[in-house]
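Reviewing the structure listed below.
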Amino acid sequence: MKVGFIGLGHMGSAMALNLLKAGHEVTVYNRSAAKARPLASQGARVAGSIAEACRGDAVMTMLANDEAVASVVEGPEGILASLGSGALHICSSTISVCLSQRLAQLHARSAQRYVAAPVFGRPEAAAAAQLTIVAAGEPAALETAQAPLAAIGSKVFVLGDAPEQANLVKLSGNFLLASVIESLGESFALTRKGGVDPQRYLEILTSLFNAPAYRIYGALIASGRFEPPAFAAPLGQKDIRLLLAVADRLGVAMPVASVLRDRFLALMAQGGEHLDWSAIGGLAAKDAGLTAS
Amino acid sequence: MKVGFIGLGHMGSAMALNLLKAGHEVTVYNRSAAKARPLASQGARVAGSIAEACRGDAVMTMLANDEAVASVVEGPEGILASLGSGALHICSSTISVCLSQRLAQLHARSAQRYVAAPVFGRPEAAAAAQLTIVAAGEPAALETAQAPLAAIGSKVFVLGDAPEQANLVKLSGNFLLASVIESLGESFALTRKGGVDPQRYLEILTSLFNAPAYRIYGALIASGRFEPPAFAAPLGQKDIRLLLAVADRLGVAMPVASVLRDRFLALMAQGGEHLDWSAIGGLAAKDAGLTAS
Amino acid sequence: MKVGFIGLGHMGSAMALNLLKAGHEVTVYNRSAAKARPLASQGARVAGSIAEACRGDAVMTMLANDEAVASVVEGPEGILASLGSGALHICSSTISVCLSQRLAQLHARSAQRYVAAPVFGRPEAAAAAQLTIVAAGEPAALETAQAPLAAIGSKVFVLGDAPEQANLVKLSGNFLLASVIESLGESFALTRKGGVDPQRYLEILTSLFNAPAYRIYGALIASGRFEPPAFAAPLGQKDIRLLLAVADRLGVAMPVASVLRDRFLALMAQGGEHLDWSAIGGLAAKDAGLTAS
Amino acid sequence: MKVGFIGLGHMGSAMALNLLKAGHEVTVYNRSAAKARPLASQGARVAGSIAEACRGDAVMTMLANDEAVASVVEGPEGILASLGSGALHICSSTISVCLSQRLAQLHARSAQRYVAAPVFGRPEAAAAAQLTIVAAGEPAALETAQAPLAAIGSKVFVLGDAPEQANLVKLSGNFLLASVIESLGESFALTRKGGVDPQRYLEILTSLFNAPAYRIYGALIASGRFEPPAFAAPLGQKDIRLLLAVADRLGVAMPVASVLRDRFLALMAQGGEHLDWSAIGGLAAKDAGLTAS
């Protein structure tokens, strides 16, 4: 399939490479062109503009936030203006439910198709084509999306025809992860102040909760090392912000999400922009008067 | 080894049976004697008093709470008065850090030994001798405890010589489980109000969090069925109460634990005594105006 | 002074009347014209369009929210397009800090002046010209605003030249009021469940906290009567939403504000749209299993 | 009336002096005798033991906490053992609801009478005999208490015959005060980070909330000076602890009280033992990255 790919960060580059490996004809675009070079050497065509990346059957976007997605979709040179009639936009970025709804409307008006297909997984999973994908959109659009999504992930959950529900599920998943980080942070602070060795505690809890989230975040909190970031704190904060925004609109009180909001605010105010988002898991210890372990 | 066993609820009965199966000479005691009968038919000796259960090398207690443990330890017929010099009390109940410290002192004064060995696992795990055990106490006491603990669990984590640290770890573990329940409750309420089918959501999240806690509690919350209880809500409430008590004493603020406290209070005030503790995971939906799914 | 007045709700009508009484030449405008009639009989000129209300030295707006203010400011017939060069917009609505900043920029570009002058007080205080006003803007603009503001309020606090700071103070004031309501709600639930008569409790607490907020909201909570609304719950919810938005932008964690957010969400989800905002003060009792008093 | 007085801290000394001034025959006792001297010079008899202070019609206690009260009540030399049949214990300390219930039972068994009469007011109010008192107990006991209470306070609210209800109201009152401190702390942090001058903000808010709590605590927070303590942070923490304990027993979720609990824990863990309890009002600013003002 002829696929455009916009957004070549850690995640996007790995995803685009897997599209190439699966035999798709891929045209990549990135605002700063340097990031496109490694893919060019792997057989990707490099587009000089968004419009050039929109000449295939589908264009996929993997960008940091609502603003970045809106900026490539709208405008005289944007996806809406450039994508052919009947062609498909697969949006894999973690964006707001609101923007996803708006994209669905805008693409429909332009006789284009739209699938929201946010992904779960860290850069390693993206590189290994092991992402978990939640996709939603019109059946025909989902059918077209099937091949490129199969190339980048190991599991694709299809949700139904309301694209924004995929984004809602993605936000809720990041909320669950952040909740794990926070409860681990409180738990480590308590046991450490009670004299339990953090590494020993880590062994026990990962035996009880034998899931990657507990192993990965438990290890970071036990060691107190939150740099370099695998998923940066400001991105985590953004996701909790988007979650609370949709919770507000849907009318759902989420007290743990509010705790997370406050943790991210405190982390940022104290200089945590450059840390991994799991650094909120260090704040309970700090409040408890414990120094870095 | 000659072992006494006090407390024959769902957990205790299964544990005592596994001691028998492993070849130990077991004398069981329970306040209401009827519960001892099935074990008698499996070869256990049935004690008519606490004192009779204290005539071996060790006595193990598996009781509901601090009050129950204190009531079998103290008094003229209690464990302290009955257990031989150098003999061992293995306390597997989930009790307060405070009481565990006091038991350590009382046993030391009576020239007895004491190991705190709380267990993780539901009745099925107890039946299968698959409990995870966290044990702490003096090295000699831990050595004696090794054989009986190996008979009831599949993993024994030894923590060190401060028995109360094992209880602290146990309480923190139940806190982590309750946090999972609460965050799942918020997450299901949000996605359900946003139109996502709860069973479909359950499939996705258990793919992302492939751990028993998410599968078990996710399924209960998705279906909204919290009866019959596997772990009753008042017991869960008690554990969060004990957690907050030790957090207060150690000086650790735990905002998520406070959310859990409030959830249990609301659940009880609204008639939830007979439900599983995961029923707190239904309160976010209720607050959101959703009726039982 | 020739003053236009847009927005004739309970508050706005009372404020416009006081402008008339103070001798100002007032032209009023309201989307639904019926509300203008009583003022016409008191000497106000009734405008048929926003533009007509913008022909004086100043135009004052008293509207429900950001959307309403934006809708009268923008557009080919709006205030920006109609107000004369050097004329003044006094915005007394409780709006977001963001919108206030934007209004300042837009008016500056149109060579108009702008003062943010939100007001504190319920309709009775507005009728008695006893409002407390917090005003901010350029010194020259504030000077022009002085006479009309003196006509509607008994105290005018001038903050400085950044208009949005007045809005920030207004939102923080409503946050303090809502905090009083919430803490009273928790306090009444506790004492009532402990057997203390709510009316007796009300007497004691208003003796300790002899301020209108405690008297007014205490009486409503003690009696459990939240209808008819003096300040409707959706407006209170909106203010906490705007507060949290600016707290997010400024980087300030406000845990009590998060509690309020959750209370308003639960109140709305359970059918509280038509109640007074103090109805959040009834939720602690409800959670505690108490029926309406 | 012949009255004993036990507990001569800042509050107790002032109260005992007012009893003397009102013409009562007062025998004072304090663990460290030095504090009794100033009262001796004003005509008080100084007791060498608790028992000596129990020989009159009534004995009044004003002590720091449950432990202190229990220590003077129990034991072979305590109030229970020493107070005459039909004589009265007026307990003005801020103690737990639980202890107050127990004191009622113990005194009843000893044929003594008991009134719980906690007081509201800072040392200045105690000195001026301007305390607000909430009293509860059997009618006959309350009648005897009337004269001494009238001597130390300006208002006495009589609640009924369950003494512990007076303690419940006292705890709820301190909760309301602490809630004011916390919401002011959040509010000052927000407005200060938004550029509003704290002193100017203080003027505005004390105009809106013209009550002593707002003036006193607002001024402390605006200036960031929490030393010397008028009411020490550990005492405030104790009161919130007692409040949450009774809320737990009565089954009332109090989310704002939980926020306060966490604030006090963080304050103590960071070295705040010697500060005024209003220092929790400085934590929001600290979390927001603001340095001391």
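In this document, chain identifiers A, B, C and D correspond to the written order of the chains, with residue numbering beginning at 1 in each.
The definition used in the following text is that a residue touches a chain if its C-beta (ideal position, glycine included) is under 8 Å from a C-beta of that chain, and two chains touch if they have at least 3 such contacts.
A quick note: this is a predicted structure, and the numbers were derived from the prediction, not measured.
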item: Partner chains shared by chain C and chain D (touch criterion as defined above); value: A, B
item: Contact-richer chain pair (by C-beta pairs counted) among A-C and A-D; value: A-C
item: CA centroid of chain A to CA centroid of chain B, Å; value: 38
item: Interchain centroid distance [CA atoms averaged], chain A/chain D, Å; value: 53
item: Chain centre separation (chain A, chain C; CA means) in Å; value: 39
item: Residues of chain D touching at least two other chains; value: 247, 251-255, 259, 262, 265-266, 269, 287-289
item: Touch-based graph of the chains, sorted into line, ring, star, complete or other; value: complete
item: Touching residues (chain side chain A, partner chain D) in the complex; value: 255, 262, 265-266, 269-271, 287-289
item: Complex interface listing, chain A residues touching chain B; value: 97, 120, 132, 134, 155, 157, 159-160, 162, 164-165, 168-169, 172-173, 175-176, 179-180, 182-184, 186-187, 189-191, 193-197, 200-201, 203-205, 207-211, 213-214, 243, 246-247, 250-257, 259, 262, 284, 287-289
item: Partner chain B, residues of chain D touching it in the complex; value: 241, 247-248, 251-255, 258-259, 261-263, 265-266, 268-269
